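Just so it is clear, A, B, C, D and E label the chains in written order, and each chain counts residues from 1 on its own.
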């Protein structure tokens, strides 16, 4: 029978469509099947902690480090990165487009009390957003700041409906660009860099983890073949992910 | 398993602390559910009674469709109403999306088939002499139907309780049409979903226990109403 | 609004193409729901009948608790069973998490209060002479209860239809305990949720229409069964 | 004299095997009529037609009254069914139902209920729940529920079938007096001597058809008036 | 001779106002007993106790039979209630219910159902649905449903209350013959002359107590045997 490897990953990775390109070559050569469980970052890590998956792929560096420090995960690899962008209405009421760096972009939004929809769900994106507010020396609070507590796509839609701003990863924005009138108003700052890491669940802690196969999978993800697949992946003609 | 115990402790703490966020969330859940059930019952009880009492061609088809609507997934209701309420949609300029009103509308759609099916079953199971007895004692057809509803009040109450359970416990509509906005449209269920997606299982479960306690109180109250 | 029309077209295409992925998803939804309803009915019908017929101290409390369980959010059921089935949990080494069996377990928990409440209402509304008539014609108490169930079969079927609608349309349990794994535990509802989160609203809605069509067929079938 | 209720060419199919077919039936005010006939001959069906509950497929039902709406008409015609249904609630609630619909509340309601229950000798059960009564008690309560409404026409489907011997006598005396108080009475019965005791014209039904008529216009009821205690009570009610 | 059914010091409270209290009641095999008494006196309650359906709070019920379980005992005692319930289904289904429970299938089932319906003269209704029958038809079907089971003891609660005159006569003749065929018959009635016609001992109940007894041991039934067609049919059934 084919072996199954369980991979917990964030919804955005799964939704980008990359995995359906990236995984099949590995599955074929290793005669296995990778069961992708797409959940929030926090929950993905929790699934790793409880040993219900074999491999975790997320983008929240501090949480990943803690996961490894607590002994739940081993062998973290940098797989790829993409970037975040700030989205806003075409009219750009806060004039974010005039800013050059992300810190002043965030500060402008706060100054104008322009509607900003936050993920509010402790996801990788939400952690990054909080980091950006700190960098801009702003404590977001008030009617203009909506904490939605939802997935990325839904938050983009909400921000569109409310004619507000939001922070999104580029992949999800591209997927939703036909469904919203929001445009990119700020991008390219080095602080918007978004690395994805892959971690194997510690087989010492969870003996049933398929470490053999997991290790091969990790090796595959950093192999030249995988790199070619990642950089070659296009959506609406745009490249979504980059490798170091 | 640990987190089950942990969550019970957390739930007790939550209930006793009862901080403002929780209060707000409980209140939003309760009042949207109540409004939804009141509207839905007004709609669904007459539908159930009418379907139970009248014979017409295609009646079984209508009933089967109503049965099928009980399988409506919350996401689908959310999607369709989203299409209505969004800026692009026909009701867009009312600006109802991401407000409690949109949530209530979605919950009405969810509860109505449940309540009417329940009432229909109660009417089909009830004594066939009720209507004639009321009529011969001088009731108008409307009064006779009201008397029928009184006679099957146990079934009607069960229908309302089932509908209430459905809407207070559902998450899809509240999430998609309410938007889970903190201090505004966040309900107990969307808060639970949020905590769960964060991996805060214990806190999510604790909120679940709060939800069930609230539902228990509401049901105790409905029960008292019924026995009166 | 456009996407409503678009989705209807997409749904029709989907139904006619009926590709392997869709087949698989429909099949997973159907067989988990059927297993869940079969198990749940076996459990819930006797509970409903027993609660309807026997008088004991605390009966109203038990009924109120059962009513409350109808408000169980799918996420909470998901969380609790997750705690049981997870590797850390007491049933962890069975490795049931993210399998159809875990989903069925969750759906049984969801459907059981609904079915028993429905049956209870049917029993409370039924003719009080049924049991005695069966007994005096020589039935054992068990046979008399079975006859009662036959007499209220309309109510029991309504209960099963309501339970079926609940489980085939629910997403939380299927998502949390099944994991929405392609070619394995992906159901129609988790697929809809996935498409929606991808922004593929029309495709999500199209799947919703497929789901309702499947539910319609099942209900037509149950209806035929009942009329036989 | 004008008939108060009159059926012309009425045809009512019920199932495949039964058809009520009445060419001409004229019921005159303040008389009493007894419907007789075998089981399944159509007595209950005819009574439901007279009560304006079941509509025939063909024919005319004329009710000579000023009432316009069907509900107003039904308020003047009350039927006690063969196996009466009691509403969930107390005996009092059951008797109050029709009175409330006629806008009769408080004191008068109580008095009417009290006298109606006296007529059937069941005042002791006023506060009893609907579901713990004996067969005869149910029938008597249903009779009281109809009598309390003081209808112009009272239709009774086998009213004494499960009533005990003594009570049957009292009830028959009551029935005998009703016509002279302005009430038209139609009842069905299997007791062959009952019509004579009450002084009613006999309408005999067979397979849905009238085989001997109520249209020979002799009035043989009015002589049979008896004065008795129950009658006294009824008088009091009307004078209150 | 041993009594077949015997109540000793039975007390049964029902609600606040009614108490069935029977010091000693002995019913002997192959006789017929008529229960009489006013409405609400406790006839139906006593019949339910005799049918082993309602358990008294105190006292002993002795049933002289080899049957061990309560179901086996109940299979020998069949009660037709005052207002009988018909199961959803056809008349045939209703009669087949008890026969199936006794393992009687196919040919014999059909024959027994046929003869039972002949006894109540309703063979025409064999395939009719339960819900479109007249009051008398329901009662007769319930009687047939009990007769088809050929119980040792048959308990009938006002069996002729809604049956038409002609049929009452046929049915009474049938009842008269049952004791000599080994059946003990207990029925309640409001018809004062019925016990005499059938030749039954009268047990009169008042406020839950027996006021004249069935314990004077004269057997006045066996002489009253009549030979008639219905009886012939019954004989055939037993010999098949």
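The criterion applied here is as follows: contacts are C-beta pairs under 8 Å (C-beta built on N, C-alpha and C of every residue); 3 or more make two chains touch, one makes a residue touch a chain.
This structure is a prediction, so every number in the text was calculated from the model and none was measured.
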**Request:** Give me the chains shared as neighbours by chain D and chain E.
**Result:** none
**Request:** Treat touching chains as neighbours and tell me the shortest step distance from chain C to chain D.
**Result:** 2
**Prompt:** Hey, which chain ends up farthest from chain D, C-alpha centres compared?
**Reply:** A
**Fill in**
If you tally C-beta contacts per chain pair, the winner is B-C
**Message:** Rounded to a whole Å, what is the gap between the Cα centroids of chain A and chain E?
**Reply:** 81
**Fill in**
In whole angstrom, the CA-centroid distance of chain B from chain D equals 46
**Message:** Can you compute the centre-to-centre distance for chain A and chain C, using the mean CA position of each chain? Integer Å is fine.
**Reply:** 35
**Asked** At what distance in angstrom does the C-alpha mean of chain C lie from that of chain B?
**Response** 17
**Request:** Return the residues of chain D touching two or more other chains; collapse runs of consecutive numbers into ranges.
**Result:** 83
**Asked** Mind pulling the chain B residues that touch 2 or more other chains?
**Response** 86, 127, 176, 196, 201
**Asked** Considering chain A alone, which of its residues make contact with at least two other chains?
**Response** 154
**Message:** Show me, using the given definition of touch, all chain pairs that touch one another.
**Reply:** A-B, A-C, B-C, B-D, C-E, D-E
**Interfacial residue positions of chain A with respect to chain B in the complex** = 39-46, 120-123, 146-150, 154, 158, 160-162
**Fill in**
The residues of chain B that touch chain A in their complex are 86-87, 97-98, 175-176, 179-182, 184, 186, 190-191, 194, 196-201
**Prompt:** In their shared complex, at which residues does chain D touch chain E?
**Reply:** 14-15, 17, 37-41, 44, 82-83, 124, 128, 132-137, 140, 157-158, 161-168, 190, 192
**Item:** Parts of chain C lying in touch with chain E, wherever the complex brings them together
**Value:** 127, 129-130, 132-141, 143, 147, 150-151
**Asked** What residues on chain E touch chain C, complex-wise?
**Response** 48, 51, 53, 71, 74-75, 77-79, 81, 83-85, 87-88, 97-98, 101-102, 145-146, 149
